[in-house]
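I'd like to ask you about the structure that follows.
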Amino acid sequence: MIHEHVVCPFCGCLCDDLEVTVEDGKVVNTKRGCIIAKSKFMNHDRDRAKPMLRKDDELIGVSIEEAMDRAAEILRSADHPLIYGLSSTECDAQRAATELAELVGGTIDNTASVCHGPTLVSVQAVGVVKCTLGEIKNRADLVIFWGCNPGEAHLRHFLRYSVLSKGLFTQEGRKDRTVIVVDVRENASTKLADIFLKIRPNSDFEIISALRAAIKGHEVGDVAGVADGTIKEVAEKMKSCKFGVLFFGLGLTMSKGKHMNIDAALSLVRDLNDYTKFAINSMRGHFNVAGANEVLIWQTGYPYSVNFSRGYPRYNPGEFSAVDVLSRKECDAALIIAADPLSSFPLRASEHLAKIPTIVIDPKNSMTSLVAEVVIPTAMVGVECEGTAYRMDCIPIRLRKVVEPEFPSDKEVLEEIIEKVKAG
Amino acid sequence: MILRPKFKAKMPIEAECISPDILAEKRIENLEVYHGNKRRKLSDLFEILDVKTKDVRIEGDVGNVKYIGAKMRSGKIIIDGNAGMHLGSEMEGGEIFVEGDAGDWVGAEMRGGLIRIKGNAGNLVGAAYRGSKVGMRQGMIIVEGDAGHEIGERMKRGIIAILGDVASFAGAHMKGGTILCFGNMGERTGAEMDRGTIIAFNPLQLLPTFHYNATYNPVFLRFCLRELRKYDLPIADEHITGRYERYNGDLTELGKGEILVWKG
Amino acid sequence: MIRMEVVLISGRTAKQGASLEVGKTSEEYFENVAVIMMNEDDMKEIGVQEGEPVKISTEFGSTVVKCKKSEVNRGIAFMPYGPWVNMVIGMDTHGTGMPSYKGAKAEISATDENVLTVGEIVDLIRRG
Amino acid sequence: MMIKNGTVYDPLNGIDGERMDIFVENGKIVEESKEKEVIDASGLMVMPGGVDIHSHIAGSKINIGRLLRPEDHRKDVVPRTEITRSGVGYTVPTTFVTGYRYAELGYTTVAEAAVPPIGARHVHEEFADTPMIDKMMFPLMGNNYFVLKYIEEDEFEKLKNFVAFLLNATKGYAIKMVNPGGVESWKWGKNVESLDDKVENYDVTPREVITNLAKVNEELGLPHSVHVHCNNLGAPGNFETTIETMSALRERIHITHIQFNSYAGEDWASFASGAPEVANYINKNEHVTCDVGQVVFGDATTMTADGPWQHTLYKLTGNKWVNSDVEMETGAGIVPYVFRERNLVNAIQWAIGLELFLLIEDPWRVYLTTDHPNAGPFYHYPKVISWLMSNEKRGELLAKTHKGVSKMTTLSDIDREYSLYEIAIITRAATAKALGLRDKGHLGIGADADIAIYKLEDDFERSFSRAKYVIKDGEIVVRDGKIAKGHLGRTFWVDAGGEATDEIKEIFSEYYTLNFENYPVQEEYLPRQEVISCK
Amino acid sequence: MQIDGVEIEDTFAEAFKMYATRVLITAKNEKWALASAASMTGFSTSVIMCGCEAGIECEVPPEETPDGRPGTNVLVFAVSEKDLETQLMRRIGQCVMTSPTSACFNNLEGDIKITIGGKLRFFGDGYQISKLLGKRRLWRIPVMEGEFVIEEKFQAQKAVGGGNFLILGKDIDHVLEASEKAVDAIKKVRNVIAPFPGGIVRSGSKIGSRYKFLEASTNTAYCPTLKAMVESELPRDVNSVLEIVLDGLDVESVNEAMRKGIEAACSVDGIIKITAGNYGGKLGKYLIHLHELFGD
């Protein structure tokens, strides 16, 4: 059977034009997706998790019911549980996770914390001038990629949205656009650029600041190895384009300056709107990290790093963010869902997860499940069950189901745990 | 009043009730604190002695206790050990003294009073909470050790004096007030500041969006430093009579902030 | 032995993305993630060939991975996101929630030590 | 259930403060009920549940507003209870708190007034987490590519089909226009300044957009009229544009938050009220209804699809600014704002809203809104009610405002006071009627059993702040101003036919970034829906 | 009564309620602090034509000034808060802001607050900077030499103006010497100034004039050259009269200054009598009886 218009549940592009062929309940082919999409669908049944509990320091197989019972017990008795992950699942599961966090008076954080958390903090400081990806496809004549590498991380972004795509006012596609890539190294994306601005690592803030000053007519001279003339040239291109867009990624959020880099970039684009039309969009990684933020926002007012220990939501990255809670050893239990902190957090932060009862809910085995107390397998979202995901530009799309799951969905598991916690 | 911690775990405790105004007004034994997600009484976590004295002394380490002295209006708190996050946040008056270190957000959105930390302070000293327009609005914070990133972020008035080093982005988005650093200042000091004064007694790396104006002996600073001597800060005569390079910025924003760098 | 200072950048690669969908304990993942991309001249300077192990140390820890040639400038090294790079990343977020994954100062040198497997890293974590 | 001996205000049935019993069964008002449950409403006012015709409570724009304002949320925290979920309130409440607070005011139906069609799914997702109330939403059409294209090509039938299709695809309720044409121009950093300006890159004017969509609206027989946020919102002197807009057509038209469009003066220095002129037009022309968008002093978060206006507001205030343009369809802007009593412009805005309420003679055509959260949060409605019902209350506040208000508006010359009957009209009966909700806004046999029961106290504000009882679909959900029971309301949408033509599909594949097949909102997003069919 | 053989007439000086402030001018050195103060207190002998009465109260050593530089205290007196404000604006604006290296601080605790720096700041054309230290707000106004620092608000209080005594003697040489001695003595008293040139006035006045357009005219009763032409108050052997006029922050200080001044005057030979000017006690709020000054 061939499933059409399938949505790829890997990255924030949420390409929704995949064709997936399923035979005898197995994915046998995919069309149009990138290599990662292909890998995701083709390998969806590999290395799948089983329900397990740790007994005498060994993970042993149990029924899923037993695993959920134990999970509920752990969360119910915890004084400060942490719920973390959520970016690789759908919105109903994210809703249930938020409800659970509220119920057990815990801290809930999603992977934005270690990707675009700094972006969200900066939006709260200065606002943001953004647009959906179609606006870029239809209008952008200047496209800037700063500290992001769609050529490796968002493989069809150029094609579908930002560079090669043709639109209403960009009928010539690539020819209608000037592409500038700013990065510390040559990479898959820089090859495509009309201008590659190679900068020193950790000099983003200085260079964005210089551009901002240049746009306002101030002289700044050479900055961090970039010549005065180059800064003026880029500034002029920005001011004189008809519709510009700046895409940025973790090259800004993770390097020195973090949210202040974004603050500067958001301000740069905001200021440019005094001269022309300009937007700035973040390149979100996991396919529904944007949804994790959206759900948490509408339920609590805050996008990530939310704490419920007082019965109402409070927000503070640095205080309620997972890395910090773990580093300071402030939580006494953890539920990890749809993420793998052991493979993404600084090792020293992960260590605490191995010391406390940790529950892992995931379709696949992960590094974190290897240190877990409880492992609960679930259906793979967007492959084995439906649900909503928010694209990197916050457009919600319904994920499709192409094969039957063996285990219940994240949502069902979480709702079951909620019932068990309430019953206890 | 003396409070002696009885707890051991690292679980965060929130105790904004540790504030002389509240302790004087309310029945102490019933005051609520949070230990993780559990509501507890102050007396569950602290031994409470010498109830009659109004000043509060905490004998022991309360590095995991948050919001001590938050919103306080008067009186004095002395902490013998370390203090947790949000120490004296939004405080309006009174004094807090910490013998050890303090966590992040010391004196965040403070409106008055004095906080003095003998050890080091964390990040965002005197800053605005996320999304807020304005950080510290008045009062004084003195850190005898080092302080972290983004101190004085969005401060509008008041004084922050750091005797040791500060990390990056001191005075980011600053709108007024004065930051003095007797140690070394980190990178990107004054980033995106609109107004306000940052005084560096040692050379520092400036952003390209700060421009040099002049070298002079600012009269207001003489006044300011002489006033601050009352707080036992290491202000030498040369600091008062010396010359300073004046840089204005951040040109990305209003550009009316200044960094004064002491030249001796 | 020559030790060289570099700025360490971590990031996503398509191969890392594709292989993590195969599985974190898979051979593909190990092959694609337990690596460091370096400038050829830098490799020469510390005396390593493509595919040989190098040791990366920062103030937060050290890790051993295989080295690969890349177009990066001298003085910069790149590692894919994953447990190996996480061994040298600090956990302080400076009040932001975000550790400093990119732009850390690191020292690189040739080594005879083995690259740890995912299982060995997990054991390390569990031992604390 | 029997609601016994209450003083009933049910304007749609002409009942003005009569003491009577109301019977409820199976979620409906019935002639007589055998159920034993009795609410003793002696001494209490019984009204139909409130119906808000224009509010911003769900979807991408409001959620960015929530994201933007952590500093607000801190001031108004709402802990969980055994019955209710936690959240935050203040200017942009979370979904649960939105539902609870509306219910506590005695409101049972709320319209989300501006939805980018591509974000409709998001709205329905939030609706599912907005308890207590029935909901509906208005998709934005005034700057939609297809709308502009079909008007430009003079393809009225295609336009009509597209509108019907879009209502169906989004599960929407009414045609919403925001600064028609201006938002499309804003995508190039421009705007339109009059009804006859050309939209950037299109041979279409705002006038054509308004008149064509109004005609479509009537031909499709949609329950509500077109719902219009006029051009030049917020600008001094814009009352002329507003009158021009209303007089551009004879079809029904609803002008929303008309306060923001009733300004006289040349610039901010000469800013003054244009309310008398606007009210005069409305008094003479029955085809117009409006809601006010009354300013309430204090913090607000302005948010609208009117991107160019929000840019102006950002430049005026220097506050943080969000702009979010949506492919092929619309845009949005968000700027936090504080309305200050002592600020002359703000004080005049406040007075203009009240002038409109008091100068428009027919309460069936002027409705209570604050354009939440633009002119203030919805839970300040009781405040507005108190100003309308008491000249003295208005006077007290007027005395605190900037002195210039009396000179630049006529407010101090007006002594009209609203009766309870009129309040019931502008908050439920008339809004339900204007929305074409036949079973809402009244207590006649067969109506939905959405009932608000208030205790009338000396202080009107207090009387309406916390309903004594609220009955939703026949169940007591609020008791003594507190949520007594959780409830998921229905979502109303209009089925006006319409089909996705090949042309529509083709344009989708060319210019949208979303596959056509993934565009329409799926059934899963409407756990409790009520479809209203046209014709 | 007599002091050193000089008759002290049993009369009173009639003083008026005024408003006063104390301005501290600092500068790089004493010379420039004084230069600025001298300029600021110039042409300020009498409120009638000058708008205020002002004088240098004393010099202030660097240790006692806010900025650690030498300073000069200036006292300014005016008949209303409004006049005081007007005069301070003009005089600080023209004589202190303009003067090299000067800074200008409030140096009085009073219950009246007058915004001066808060208005002069506009001279900074948008580049002025405010600094709040404790409860004091300073304005930094960029000027060609550097920065002019001035306090936002100056405090003022009700004060006493028009304390006076007349020194009657046998000739101008002796009277002038006595007057100078009196002024030297008065300078040592705080809170008081003698606003006339060198602290001394020769043209005492009476209310009214034969000319309708004049409200006051020369004090004929004390003009020696008119002794025989008018109803003179002067004894035969008096050939010259000088007056010391005093303004003080409070009546006690004025009394003290009067006492010290009269004592000093009386120590000079050739002084015949000390008296004081008044209007029959009908106009002034304060009546300073000369005899009471000396404990009678």
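So that you can tell them apart, the chains are marked A, B, C, D and E in the order they are listed, and the count of residues begins at 1 in each.
In the analysis below, a residue touches a chain if its C-beta (ideal position, glycine included) is under 8 Å from a C-beta of that chain, and two chains touch if they have at least 3 such contacts.
Predicted, not measured: the structure shown is a model, and the values here were computed from it.
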> Among the remaining chains, which ones contact both chain A and chain E?
Replying inline: B
> Expressed in steps between touching chains, what is the minimal separation of chain A and chain C?
Replying inline: 1
>> Which chain is most central here if centres come from C-alpha coordinates alone?
In response: B
>> I want to compare two interfaces, B-D and A-B. Which one has more contacting C-beta pairs?
In response: A-B
> So which chain is farthest from chain E, going by the mean of the CA atoms in each chain?
Replying inline: C
>> Using mean CA coordinates as chain centres, what's the gap between chain B and chain C in Å?
In response: 38
> At what distance in angstrom does the C-alpha mean of chain E lie from that of chain B?
Replying inline: 47
>> Taking the mean of the C-alpha atoms as each chain's centre, how many Å separate chain A from chain D?
In response: 34
> When the centre of a chain is set as the mean of its C-alpha atoms, what distance in Å lies between chain D and chain E?
Replying inline: 70
> Residue numbers in chain C touching 2 or more other chains?
Replying inline: 94-95
>> Give the residues of chain A touching no fewer than two other chains, as numbers and ranges.
In response: 121, 124-125, 256, 308, 310, 315, 317-319
>> Dump the list of chain pairs that touch, please.
In response: A-B, A-C, A-D, B-C, B-D, B-E
> chain B touches which residues of chain C in the complex?
Replying inline: 94-95
>> List the residues on chain E that touch chain B in their complex, please.
In response: 26, 66-69, 103, 127, 129-134, 138, 140, 146-147, 149
> What residues on chain B touch chain A, complex-wise?
Replying inline: 10-12, 14, 34-38, 64, 85, 104, 123-124, 129-131, 150, 168-169, 172-173, 187-188, 191-192, 207-209, 211, 250-253
> Tell me, which parts of chain C touch chain A in their complex?
Replying inline: 7, 9-14, 17-26, 60-61, 70-73, 76, 78, 81-83, 86-87, 89-103, 118-119, 121-122, 124-126, 128
> Which residues, counting only chain B, touch chain C once they are in their complex?
Replying inline: 104-105, 122-124, 148-150, 167
